[in-house]
Every structure is written in C-alpha cells, then in structure tokens.
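Consider the two complexes below, in which chain A is the common component and chain B and chain C are the respective partners.
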Partner chain A sequence: MRSETMTSKERLECAVNLEKPDRVPISPLMNTSAAAKLVGKKYWEIADKGYYAHIETEIELFEKFGGWDGVALPLSPDIYRLGGLKVTTPTEQSPEIQILEEEFAKPEDYEIIAEKGMNDFIVNHLIERVYGKEFLGQLGHIYQDASRSSKKGKDEYTKRGAYFTFPTLLTHPFFKLSLTRSMVKFTEDLYYRPEMVENAIQTMTDELIAMGKMLYKKDNFLTMGLVEERAGGFFYPMRIFERFWWPFTKQIAEAFWADGIKIWFHLDTNWDKNIKYFKELPRGSAIIDLDGTTNIFAAKEQLRDHLCISSDIHPALMSLGKPEEMEAYCKRLIDEIGDDGGLILCTGCCLPVATKAENFRAMLNTGKTYQLSKPA
Partner chain B sequence: MLEQLSSGFVELRREEVLETIKMRIEKGEAPLSILDDARQGMILVGDQFQEGILFLAEMMLASEIFKESVAILKPYMDQSRPSKSKGKIILATLKGDIHDLGKNILSTLLEGQGFQVFDLGVDVEPTVVLEKAKEIEPDFIGFSALITTVFKYMRDAADLLEKEGLRDKIKLMVGGGVTNNTLKEHLNADFQTTDAMAGVAYCLKMMEERQHA
Partner chain C sequence: MNVMIIGGFLGSGKTTLLLNVVKKMIAQSKKIAVVENEIGEIGIDGNYLKKEGLTVQELFGGCICCTLTAGLIETLQKIETAYHPDLVIIEATGAARPGDIVTTLHDDNCPLRFESIKVVTVVDVTRYEMLIQVMEPLLTGQIQRADIVAVNKIDEASIKQIDRIIECIAKLNPSAAIVAMSAEEEVYTLNPFMELL
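Let's look at the complex of A and B:
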C-alpha cells in the first residue's frame, strides 16, 4: 500500500479546491453523545460538566479510532442554550440532545429582530422566555468556558495532526426563525405575513456575515459551517426557497467568498430540487454536506467540477448495517463522487448515537486505505 | 359549495375556509356533510402533493386548517351519528424521541381521509403501544423517528406485538428522517417512508385490498 503524502490540512484543502488528494479526506460530523457511547462513557453524566468535557470525549474517540482529518467543535446543551433554544436534558433513556420546539418567538418579534438583530433578541427577550431571568446571569460564565475550552481543544487536536474545518456551525437565518417560532408557525408566517419574515431574514443575514467573518478571522479556519435543515424542496416549494432562502444564502456565500472563505453547507433532508441553485455560486466557494436523503450521485453530476460534496452515510447504515456494507458504500462514494476529487467522506448529519463501533471503524478504514491500496 | 371549500384548502385560504364552515353550520347544514367536504379538500391537497404541485409545508398548513375546521364542527358533530371509519391506526414516537412533526402531519392526513387515528404522542413506551393495540385492535401501527436510539424501542415494540400474537393482524409502518429500508428489514416492518402522503396511500391501498380479500 502506498503511503500518505499529504497532511490533513492539505488533503481537505485539496478536496475543497476540487483537486485530487492522496486519499479522500475524512471529516465525520461528531456528536458527543455518540462519541461518549463509543468510548464507554455515559453522556448524561458529562452533558452539563462544561464544554471541555465534550471536547475531551470527542478527542478520546479520535484517539481510540486512530484519528481522521477534519474536526469541529462540539455542540453541548449550553451552546444550544446560548442560542436561545430549549433542549432536552440527556438521560440514560434518551442520551441525545433534542431541541424542544415551541413558539417562543411571536409574530410581533419579527419587527424587533428586523430592527435590532437576532442576537439582541436572543439576549434581551428569548433566553428569558425559554430559561427564565436567572439564566441570564450564567451567560458570561458559559461564554468564557466555551471560549477557553475551544482554544484548548483546538491546540489538542492540532497536536494530533487534525485540522479544524470551521469554528462552529452557524444557523441559517431561515432555520433559526423556524426553530424559534416552531415549524408550523413559521410556515404560516411565510405564507401569511411574508414581508415581516423577509425583513427579519435580511437583518439576520447581515448579522451572520459580520459575526462569521469575525469568528473566521480570529482563528483562520478552513471554512464557515452553515446549517439548514428545512428550506429544501422536501418541505418548501421553489417560490418560498427562491424568496426566503436562496437570495440571502447567496449574499452570505458571496460575502465570505470575497474574503476567500468557503461555506460548508450542512443540508439535512432532501435537497434534490435545490441542488441546481448552488451552481450559481463561484466555483470552489462552498462544500455541500448531505445527510443520506438527497440523491448524492445526482447532486454530484450537477455540481461536478464546481463544488465539493461531503457525504452522506445514512444513520441507519451506521447504526444497523454491517461493516462490509459500510465499506462497499464508502468505496462507491470514493469511486463515483470522489473520482475527480471534490469529496470529503463524512457522516450523514452527525454521528448517530446508535452507531456500531465496527461500522464507524469500517468507514474510517475504507477512507484511509482504499485509494492508497490501488496502484498509483 | 364543495368546490369553494376544496379550493380553499388547496390554496391555503384559511380565513375563507373557516368562515365558510361557520356559515354553513349557521345555515343548519349537517356537520358530517361539511366535514366530508373538508375531507374532500384534504384529499385534493394529498393528490396535488403526490403530483408535485403542492409541497409538504403546504400540506402541513392545509392540515392545520383542517384541524381548525374539525374544532369548529366538533361540538355539532357530537349530536349526530358518527361517520364510518376507514380503518384504525395507532401512531407513536417511541421512547427517547420527542420529534413529532412528521407524525402529526400523517395523523391529520389520515383523519382527513376518514381513518380513526390514535396518536399516543412522543416518548412512548413500547408496552403502552401494545396495550393500546390490544384495546382497539388497529389495522396499522406507525412509528416515527428522527434519532437512532429509538430503533431499539421500535424493535422491542415489534417483538411485543409478535409475542402477543398481534403482529399478523397489523401492518407495521415506520417513517422519519433516520428510517430507510435497512430499518424496515431490521424490524420486519411492512412499510417505510419519509413521505407522509406515501404513508396515507399505503393505508388506503391496504384497506382496499383487505375489503376485496
């Protein structure tokens, strides 16, 4: 078998720039609850023990499984809370963080958001509604803990040769509003009070660009992560997508690209009907991360030699499949999506809690060895 | 009158639909007849969804209008004879999972089609499903999932149904973002989908086949 000739950073950059790396870069999107299970820890005992306990658990998994290329910082209950989202407390019966979606934001809040921004709304209105006034006193401590832990975590991963893909997954304004209003109410707003939504999204877009650039410049990451789970054609018709999502997304992507920053779009649910729009973005300016429900092979044909794709291992395959099935699927991805470069091997959404260790290992091993075992 | 109500659902004209229903009730029309018209609207919504004209979000909004319509009609319906159910279905999101969006949409769509839906909610113990199944003898049981930890409880529920000798009498359905054919095989389920309308179509088809058997 041939030896690796690139560092993780070089490999990831190569794939993002649509060139052929020595082997496919591997960047599973982590989930501390899944990581804890795979290293024999109980996540419900870690969840509220501070941010570094999350990073430490994920590093433990990284070491136990021989490492991979791309890493990102975890999402902890506190990180969700900072964003004004109500989440479940992980327990033995239900060890995963789940967002409890309620109508915490009201229609009249769109005006506040449009005028002052989402961050102001979260700190001055939303958090109090979700967690009560006393929680506001904890914000400073949580920020400090997250900031200190992130720096330490980054140093620890760097020592181990991994490369930080993005500072955090920012939430697309459309998705953020959907989560804070709740999906049904937000959908009613899109149809029955569209101007209010549009104005709020524009302010949030400007805010996200400013915040994202600040985060990026601080640590010089490879990309900026942006999560959207609902705007695709699985839920909404193109006229909604074209009015409330795509123009703002283009603004975000182009603003970052002007500074040479690429957006890593985390797109859950089925985006078959929307993939073509991403061709409007400059070549090499983004990565499209799919979760196993979008037809990734059709997406590749549309985005070939234009944007990198990160893929896409279905949670059911990771949880219930066999290692040989995992190996076969990863090989297919490498052969068909990564044949011309432009592929990052990734989980479909984040690593599921029910992941079988042998399947995760098969994914990593296939990514690390398949291409290098072939003649040059 | 029927066309006005149906098109109101398809075009998501919420206020107009609700006003029409109130007006027809005030005029003394039989609530079941109005409900049937509302159901026709939802059937049309379902058809347009399957044709790719309407999207899931629009089906969701139409479902909300339908629920509000039923709420208006319900006090009057209690006084009239119940309509015949097309079939009985238990829906649940099992233990550990609190996601219910897809399940709720399916529930409303099935009600719109005339099914009797027993929605057990979220975070449901498999034994609760079994007890309900014994009690009502459903034609279908549907489990929804958005996280993988619930697979274990789906399996437990399927095993309980098998053990109690109920499995052969019930079509087991699974749906949601993390489900696929691998899970269907793992559970020996009868049907899997991520598309609520496909779930409705399956239930209708099965009931039709049962009637002709």
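Let's look at the complex of A and C:
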C-alpha cells in the first residue's frame, strides 16, 4: 500500500479545489452526545460542565479512533442559548440537545430585526423572553468560557494534525427566522407578510456577511460554515426558495468569495430540486454537504467539476447498518463522487447518538486506506 | 408490533386526535405506548397518560434525519422489550413525512418486525389552502402515504371549504380514507381509526 503524502490541510484544500488528493479527506460532523457514548461517557453528566468538556470528549473520540482530517468545534447547550434558542437539558432518557420551538419572536419584531439586525434583537429582546432577565447576567461568563475553550481546543486539534473546516456554522437568515418565530408562524409569515420577512432577511444577510468575514482567518480555516435545514425542496416550493433563500445566499457567497472565503453549506433534508442553483456560484467556491436524503449521485452529475461535495453517510447506515455495508458505500462514494477529487467523506448530518463503533471505524478505515491500496 | 403513525403539519391537531384514540383504546383494556417527537414543547401531558397506564417516550434529537432513524428504532426496541404493548402510537414531528418513517421501519437493517404499520395524517382545514401555497412539498408528502387523512377543525370552516379540500386530498391520495372531524369538539367518530388497528 502507498503512503500518505499530504497533510490534512493540503488534502482538504485539494478536494475543495476539485483536484485529486493522495486519498479522500475525512471530516465527520460531530455531535458530543454521540462522541460521549462512543468513548464510554454519559453526555447528560457533562452537558452543562462548560464548553471545554464538550471539546475534550470529542478529542477523546478523535484519539480513540485514530483521528481524521477535518474538525470543527462542538455545539453545546450554552452555545444554543447564546443564539437565543430554547433547548432541553440533556438527560439519561433524552440524551441529545433538543431545540424547543415556540413563537418567541412576534410579527412586529421583523421591523426591529430589519432595522437593527438579529444580533441586536437576540441580546436586547430574545434572550430575555426565552430565559428571563437573570440569564443576561450569565452571558459574559458563557462567552468567556467559549472563547477560552475554543482557543485551547484549536491548539489541541492542531497538535494532532487536524485542520478546522470552519470557525463555526453560521445559521442562514431563513433558518434563523424559522427557529425564532417557529416553523408554523414563519411559514404563515411567508404567505401573509412576505415583504417584512424579506426586509429582515436582507439585514440579517448583511450582518452574516460581516460576521463571517470577522470570524474567518485565512490559513486557520478551510471555509465558513452555513447551516440550512429548512429551505430545501423537502419543505418549500421553488418559488419560496427563489424569493426568500437563493438571492440572499448568492449575496453571501459572492461577498465571501470576493474575500477568498469559501462556504461549507450544511444542507439537511432533500435538496434534489435545489442543487442546480448552486451551479451559479463560482467554481470551487463552496462545499455542498448533504445528509443522505438528497440524491448525492444526481447532485454530483450536476456539480461535477464545479463544486466539492461532502457526503453523506446516512444516520441509518451509521447506526443500523453493518461494517461491510459501510465499507461498500464509502467505496462507492470515493469511486463515483470522488473520482475527480471533489469529495470530502463525511457523516450525513451529525454523527448519530446510536452510532455503532464498528461502523464509524469502517468509515474511517475505508477513507484512509481504499485509494492508497490501489496502484498509483 | 402494531404501529400507528400520526403525522400532519404543526398545529394540525395530531395530539388531540392521539389523546382521543388513546382513551378509546384504554377503555378497551388495550396496552398502549406513545412515542412523542415534536420540534416544539411536548404537546402531551406525559404524567397524565402514565397514570392512565400508558408508556410515553419522548423522542428528541438534533434533526429529523437523525432522530427518525436509529433513535426511533432504539426507542421502539426499548418499548417492545419492557412493555409488549398492543399498539405503539408515534406522534411524528410536524416537520416530517410519515411515509419516511414507514420506510425506516421497513429497512432491511431494522431489527424489529411489525404486524402492521398504519399512517394517519391530520390536516387543518382552516389553514390548508394557505399552507399548500407556501409549503406544498411537505403537505403533499404527508398526505400521499397516509392510510387515513383526517380533515380536522371542520367546526371552523364552511361546508364549501371542507368539500374543496377533501376533493384536493382525494386527488393527492385516491386510496386513503378521508375523515372529516373536529378533534377538539369530538365531532367525529373514531371508528375509522379503530378499524385501522
């Protein structure tokens, strides 16, 4: 078998630039609850023990399974709270973080958001509504803990040769409004008050661009992350997508690209009907990260030699499948999606809590060895 | 294992229908387990149902793709082992398509075997015409694989509106039984739901 000739950073950059790396880069999206289970910890016992307890658990998993190329910092209950989202505290019975949607933002808040931005709205209105005034007094401590822990976590991962795929997953304005208004109310707003929604999304788009440019540091991160779970064709028709999502997404992508920033689009649910729009983005400017419900092979045909795809191992395969099925699927991805180099081997969405250790190991092993075992 | 999946968009009345079905089943001395999976606050008073002899499991998780696969099967395995219920009712999140849950349960790798899996989709008649404009793929997906479509909140709609919507639903899913009802007012008969089981 041949040996590796690239660093994780080189390998990931190669894939995004649609060139052939020595082997497929591997970058599973973590979930601390799943990581805890795989290293024999109980997530509900560490969930509120500060941010570094999350990072430490994920690093433990990284070491136990021999590492991989791309990493990112975890989401903790506090990180969700900083975003004004109501979340459950993990328990033994319900060990994952769950966002509990309610109509915390009201229709009249669209005007505030359009005028002052979402961040201002979160700090001055939303957090108090969700968690009460007393929580505002904890913000400084949470920010400080997150900041110190992130720095330490970055150093620890870097020592281990891993490269950060993105500084954070920013939430797309469309998704953020859906979470803060609730999916029901937001969907009604798209019908009854579309202009108010559009105005708010425009301000949030400008804000997101500024935030992304501030957080991104060249040579420290592969991309800037952008998450959208709801705008795809699984939920909404194309006319909604074309009016409320795509124009703003293009603004973000073009503004980032002008500064040399690529986007990691984390796209949950089925995007079959939406994939063609991404061809409008500059070649090599983004990674399309799919969760196993979009037809990745059809997506590849549309995006071949244009954008890198991050794929896509469905949670069902990871948790219910067999190692030989995992190996076969990873080989198929490498052969058919990664044949031109534009592939990052990834979980579909995050690593599920019910992940079988042998399946995760099979994913990593196949990614690390399959191409190197072939004649050069 | 017998499973009834109750789906439908958020706020359509799934929980109210579920409670009515549960009461009827308990009156028949059936052993029922409920799996709750919603993206908002849990709709059911779990303690009340537990006092009534029910097993209630909350199925929470980050995203529907993760939760509705392994998480669901793990939950059903626990229920089967611990309680051997006559019926498991899954109240699916309003953001999911119940048909996708059926696909998951029929997956070759699913270790459970099912005697029957039936899907009931609840539609809010008062919001259907608005929602089908802005969220057609989800609503259509929820209706198309249902065994019964429950057209709910008929006490708040005109006869013309109800007829119009029933006609639309019948076109989307010609094989489904369509039941017009008001779960809140209990203006309906539970027979079609009981006959499913």
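What we mean here is this: the second predicted complex is superposed on the first by the 372 of 376 C-alpha atoms of A that agree within 3 Å, B and C clash if a C-alpha of one lies under 4 Å from a C-alpha of the other, contacts with A are read in each partner's own complex, and residues count from 1 in each chain.
Please note the rule applied: a contact is a pair of C-beta atoms (placed from the backbone, for glycine too) under 8 Å apart; a residue touches a chain by one contact, two chains touch by 3 or more.
In this text, all values refer to a predicted model and were calculated from it rather than measured experimentally.
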item	value
Superposition on chain A - do chain B and chain C clash or fit	clash
Touching partner for A:94 - first (chain B), second (chain C), both, neither	both
First, second, both or neither for A:240, with chain B first and chain C second	both
Partner chain(s) touched by A:269 [first = chain B, second = chain C, both, neither]	both
Touch count on chain A, higher of chain B and chain C	C
Partner chain in contact with A:350 - chain B first, chain C second, else both or neither	second
Partner chain in contact with A:212 - chain B first, chain C second, else both or neither	neither
First (chain B), second (chain C), both or neither touched by A:316	both
Touched partner set for A:188, first chain B, second chain C, both or neither	both
Chain B and chain C footprints on chain A, overlapping residues	88, 93-94, 96, 98, 100, 183-184, 187-188, 190-192, 233-237, 240, 268-269, 291-293, 314-321, 352-355
Chain C-facing residues of chain A, complex	31, 88, 93-94, 96-102, 182-184, 187-188, 190-192, 229-230, 233-237, 240, 268-269, 291-293, 314-322, 325, 348-350, 352-355
Complex contacts: residues of chain B adjacent to chain A	12, 14, 54-58, 60-61, 64, 95-99, 101, 123, 147-149, 151-152, 177-180, 182-183, 186, 194
Touching residues (chain side chain C, partner chain A) in the complex	9-11, 39-41, 57-58, 60-67, 69-71, 73-74, 94-95, 104, 107, 109-111, 127, 130-131, 133-138, 141
Complex contact set, residues of chain A against chain B	88, 93-96, 98, 100, 183-184, 187-188, 190-192, 233-237, 240, 268-270, 291-293, 314-321, 352-355
